[in-house]
Amino acid sequence: MTSASVIRRLLRSVSGGQGTDASGADRHTRKAVTLCRALLSQRGEASGAAIAREVLASYNALQGRALEAFFDALAREFSPDPKEVERAAEAYRMEPTQTELVRLMKVVEPSRQELFRRLNLASGGTAALVEMRRAVLHRLNSHPDWTGIEADLAHLLDSWFNRGFLVLQRIDWSTSALILEKLIQYEAVHAIQGWKDLRRRLQADRRCFAFFHPALPDEPIIFIEVALTRGISDEVQTLLDPESPVTDPSRANCAIFYSITNCQEGLRGISLGSFLIKQVAEILGREFPRLKTFSTLSPVPGFRVWLSDAQEQLAGVPGGASLAKQLRCLDEPDWHTRADLAGALEEPLLHLCAYYLLHAKRDEEPFDPVARFHLGNGARMEKLNWLADTSGPGMERSAGIMVNYVYELDDIERNHEAYANRREIVCAAKFLLLARQCPLARRARPRS
Amino acid sequence: MTSASVIRRLLRSVSGGQGTDASGADRHTRKAVTLCRALLSQRGEASGAAIAREVLASYNALQGRALEAFFDALAREFSPDPKEVERAAEAYRMEPTQTELVRLMKVVEPSRQELFRRLNLASGGTAALVEMRRAVLHRLNSHPDWTGIEADLAHLLDSWFNRGFLVLQRIDWSTSALILEKLIQYEAVHAIQGWKDLRRRLQADRRCFAFFHPALPDEPIIFIEVALTRGISDEVQTLLDPESPVTDPSRANCAIFYSITNCQEGLRGISLGSFLIKQVAEILGREFPRLKTFSTLSPVPGFRVWLSDAQEQLAGVPGGASLAKQLRCLDEPDWHTRADLAGALEEPLLHLCAYYLLHAKRDEEPFDPVARFHLGNGARMEKLNWLADTSGPGMERSAGIMVNYVYELDDIERNHEAYANRREIVCAAKFLLLARQCPLARRARPRS
Amino acid sequence: MTSASVIRRLLRSVSGGQGTDASGADRHTRKAVTLCRALLSQRGEASGAAIAREVLASYNALQGRALEAFFDALAREFSPDPKEVERAAEAYRMEPTQTELVRLMKVVEPSRQELFRRLNLASGGTAALVEMRRAVLHRLNSHPDWTGIEADLAHLLDSWFNRGFLVLQRIDWSTSALILEKLIQYEAVHAIQGWKDLRRRLQADRRCFAFFHPALPDEPIIFIEVALTRGISDEVQTLLDPESPVTDPSRANCAIFYSITNCQEGLRGISLGSFLIKQVAEILGREFPRLKTFSTLSPVPGFRVWLSDAQEQLAGVPGGASLAKQLRCLDEPDWHTRADLAGALEEPLLHLCAYYLLHAKRDEEPFDPVARFHLGNGARMEKLNWLADTSGPGMERSAGIMVNYVYELDDIERNHEAYANRREIVCAAKFLLLARQCPLARRARPRS
Amino acid sequence: MTSASVIRRLLRSVSGGQGTDASGADRHTRKAVTLCRALLSQRGEASGAAIAREVLASYNALQGRALEAFFDALAREFSPDPKEVERAAEAYRMEPTQTELVRLMKVVEPSRQELFRRLNLASGGTAALVEMRRAVLHRLNSHPDWTGIEADLAHLLDSWFNRGFLVLQRIDWSTSALILEKLIQYEAVHAIQGWKDLRRRLQADRRCFAFFHPALPDEPIIFIEVALTRGISDEVQTLLDPESPVTDPSRANCAIFYSITNCQEGLRGISLGSFLIKQVAEILGREFPRLKTFSTLSPVPGFRVWLSDAQEQLAGVPGGASLAKQLRCLDEPDWHTRADLAGALEEPLLHLCAYYLLHAKRDEEPFDPVARFHLGNGARMEKLNWLADTSGPGMERSAGIMVNYVYELDDIERNHEAYANRREIVCAAKFLLLARQCPLARRARPRS
């Protein structure tokens, strides 16, 4: 086919280029950008898939400076012309018709978006764009001018990874090793210790579900792990024990969501967790009519960080100074294994944790990301569990404490609205009691 | 689940409404619009799929005036605020950064788009949106203010039905009756006369391929029918004959694309035909290495219409008057079966047809839609065939003439560029000769 | 590969053969038999699949005399040696150990069975053996010496088509046209009048299920058609009407099995119908908990034949002569459309039919094949329906009468045992009453 | 359903039974046997699947003495009557017609076979019968009277696991963990050390294929592992190294079959390996046209055993005594790592091994089981490789030596015939030279 020859022609024009002193990195960047332009041209219409493949290949070869230069070019060159935008916006203001609106939208949309849509013609295109967004997000802090690239990718991916296009699949021991291996690799909450551990998490009294997208058949987008238990779990090590006996799931009355993992960094912010939890709850409810409670067993990952920052505040309130001193034990290794230390810390830490969950904020929402997620989904904060995760990460981030967030299907919508509109946190009464006992509660108005 | 109760609440607020004189149609429209608003609210976030289902149900119940009122509301209410647009556009002009661009894009995007994306959460959502665009397109002439709705749907569907997400499938006698039935129903070029006719079109010396989208598993998006023959077909009735003997496809040297049909009116303008033809040509080339020629056997559907309109011009050129008189025979039934008539008309009609294909224009492109399509794809206009389609529609639209457009994989890109950039029509030399013999060619400068 | 060359060698040895006066048919037969011998030899072990393909090809080319000669050879040549059999049988009698038994079984088994097993190595082998049995069965009456071939094939096929290897599949409009076309072709009870008729039989208030074998993926083995109705159907034309409105299956309380067809003549006698009915009843019962009654609506295909034969007996009993005279109307065309005739015949025909079903026997079982089948499966004979099938075949064979056989899951086993052990016919009381009113019942002891 | 109640009735009759002193084991055996009888009765016809399930459940509960008693009953009770057999055999001898033959076959076939066929009605029946044969085979030496059971199961399974019903599937990293786990468990030649090892064996330059049976979808029947290499591998540890770099398979010229494993002990003797090797060779040859050589890299598992037994013979031939002395080194741990020892042993061991492979016999076939298998399949013995498998089992059984058996597609049939008819071993000339240098070759006539 000619596509090959056309692409060769294109590339010769690059490699010749303006002077031979162009560095290799420059050449690679120029090659990639030239191919992007070609993909947006008439050639791109006739030979889209072939050129898209070339763009991806040349993009994948970019590294370090060359990659940054490429993104700089994407930000600079494939954006709309401010003059044209002004003109179209003014026209719409003068005559706010649908026709003018459509014109304006066309002017405002960066040609980058069309570029990305055409890149998707290549086999593997969707995966490449997800990866590209990951790369941009990764460096966005130091390159604020890439905001537009990120926004364009986010816009496209949000549209493409619409829940309506995702397929929920149960993951079990019949699933392909290719996918199972990715669970091991991606699991972000309670690391999977090899195949034996994974196998236990897929047995009769466990469930695992993931969303998949047709364009990424072997890539879970997000997955959730569930234990079917009698009574709400208040401690995670038992759940995770690969040697624990398998129980009869038909006798369970609780479904414990003990892990939920977003697999694709490049899809960050494209919220699917809420859909996943609710749909899995419905499926399990149908399969096991005896299930009464759907609850998470979740870490409090921001707790220890907040606690360090709160030392100063603590020093300023009655009783706070001695507590602050006591908290120093948290830095001792394995303090939770020493009964005296653990006993002394239990009460004050639970008070502080309840206070943290209810009152520590970031932009009016809970500072704790897990709390933000489940409360935003309409869950109720139900219970604090002491020494519930004594793994390394559990102790380091959450001081070993875990929370049950309960999903009551009938209340989800009301809870979500209360939270979304008024930032109300729906929780069990006990939480308020615990939080009130925290020394920090004695200050006039809590702030974080 | 509560979703039901919330929706009931929502709907009560509508049916009560301001005054009892609201007609039924009004009430139905208001209900649908209220649900749309709910879908965009916090409730929509918590119970998206449930509300989306309700919107679709209430939308499906709308008819006539109520449906028009609904679209009116969509156009009016879910568009951006011109003031805000102006402000954001001005900010971008002052400071054309990516950050301002992103802000502007957000302001400019109608909330309708988010509405449509959320509608897609309902099962069947994609199909409903395709259908909605069909309904809007159908009435767009009389409702120009719906342009924005159409554009928003087109924008979304163009993104969702990106070639990268489509799956090419061979259609044969193992395909489900559900899908085969749709081929019978959709086929737009040479109507399929029931199952026997269809069966013949799927036998060993025929091929049929379609694009499918994962969200519409039983709906072909576009399909193509191919005959594997020895020599280029110059006549379609033989190809279509259900009684014709099945030949050995491995001995064929030509693949004749004799029909290509876009199935979904709601996807009009989302061009997939070019991808389909090229990919099918590649597949067939691999399966049958002896294939040398990939050609269409296509109608000239705009020819007779143009011919009527051209009578006057014809009258004004030397030799034209007598020809115009002769052409009146075209209105006689079955003229093509009378050897004398057919013999007398052959030459002048072929001249006119060649002239028509080369010189009759609409916006600088060929007036003939089929010519526009294949030339735009990079095909070469190869040959005119006399009395090649003597079916009713073939005689009425194309005066029985058919064209072979040849796809030469090595030339497609060059042809496409020549056409796209300079409107050059690539054709066999014979066409120029034929066209030059047409009386109309004697005028100073051809126009249509 | 060499297989080709070896086979060529084999065949040369045949075509040369003993003298050139061998007719073509002879040559073909000899070729096939030679290949069979090769398949059983060492060559067959090394190149089984290749030789098996050749055997099938040469077998398929046999016709008429040549085919008969081939079967003659199969019967003659591939049977055990009577002497050896006697020796082994005597050894077993002397010393009835398992070891001697195994030896005896090996001697007794004709090498034909191994031949057939090796034929199955060729792709399409299973289908070919089913077809071969059909061909043998077809001619068995005139070739009683082929009994052994038939028995060997039956033995193998019975083992291979064990219910445990069959897969029940629902047939609906999503099924491939390839399979649906076969339903049209095979349906033996109520002929399917093309695709429109078929489509109606697959809609929401109808069900169709078939058994498939993994080695014949596109060939239904046996299929059943069911209507989901309110009340037991007493008339079949309504059920079959392609224009009849589709009703809501969830409101049905009866499942009417109105057609069951064995598709493969070559599997005659390998009884699967009983499994199919019971499994379908279970599936439907689970899907539609409101279903209370599982009943057939069946023809009485042996009734008219028996009736002709019974004329003489009838003449000999009181009241019989006038009845016999009356029955002559049955030969008038469309008698059922004439109210007077139909009215006069209703009562006596129902009496005769009940008498027929209860008392007409063949080898102690009911003479009527449909009665034999359903009673043998454990069904109860429930009801006679007058003018229930007025189609041509319905009138000709069953005098328009149809029977409901009811499958009561709880009684099936008991009914089956009563029938199998004591030939008891389980039926509604009404049947006895009707039969008693038949003039023939007045004879001392009913015989047929 | 009633089946349940019938079965309860059946079982009561057992548990009551003749006297209450029956031990538990007796009761369990009697229950299983009673159910077997029921399965063969009329009840079995009506409720086959249900009773079959019960038989399997009660069979699975049998252990130790109870299981043996059950098999005793199977052998005793479900065999034909010797008297009837004699009568039928005599009838056939008197009149050797097909009809008499069929009668005889029916009499000779033990009712056990029908019992087994009916057991297959239960879901999981096929797997249970495979397992039952394993159990019988396992104890056959001590229970020669179970020969008939074993033969009946073998007969059935041989028919059911006919190559024509098996499906060849490629196994790779997309295969389900359920199946992959079984490869780890079953691999009999070179043990798989966990998932990492397995993963390496499934990468681009390796291939794995297995036969599956439709009734055992998650159970490989037999599988083969292949390495695609440049040059014939003469050493297996490199092939097995999980850390070895993955090479480009399209550049390979050899396919090395380095492991073939029969997974189901219960299918012992049902030879499928030959089919598997040939079909895999064909598939690979098509996928990689550059492949020139298809060779195994195989152990010599009987070598060391034979070597011990041959010490005495060795002592009796010239030069044998000193060699025998030298061979004692083989018992020293890790002798192969000591250059002097290994150097001294290389030549004599290769001579002995060549001699062993060519001349050590059992029933006229090679004593070595692997040699028997590949020579029987038509392979050629190509090359001996020194220190080719230094793993524990490799040293213990094969003294570290491995053999390449080459499959030349064009010669397979000829080789197989030579071997099958005349026990000729086809091998490279070098083998003869090596064997001739073995001291044992100096004896008058080699025997083993």
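We just call them A, B, C and D in the order they show up, numbering each chain from 1.
Assume a contact is a pair of C-beta atoms (placed from the backbone, for glycine too) under 8 Å apart; a residue touches a chain by one contact, two chains touch by 3 or more.
Here the structure is a predicted model, which is why all the values come from computation and not from measurement.
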item	value
Chain of greatest Cα-centre distance to subunit D	B
Mean-CA-position distance for subunit B and subunit A (Å)	40
Centre-to-centre distance between subunit D and subunit A (centres being mean Cα positions), rounded to whole Å	51
Inter-centroid spacing, subunit C versus subunit A (mean Cα positions, whole Å)	61
For subunit C, residues contacting two or more additional chains	none
Pairwise chain contacts under the document criterion	A-B, A-D, B-C, C-D
Residue ranges of subunit C touching subunit D (in the complex, touch as defined)	1-3, 6, 42-43, 45-49, 75, 79-80, 82-83, 85-86, 88-90, 92-93, 96-99, 101-102, 104-105, 108-110, 117, 120-123, 125-126, 144-149, 151, 155-156, 158-160, 162-165, 214-215, 274-275, 377-378, 409-414, 416-417, 420-421
Contact set on subunit C toward subunit B in their complex	173-178, 180-181, 194-195, 199, 218
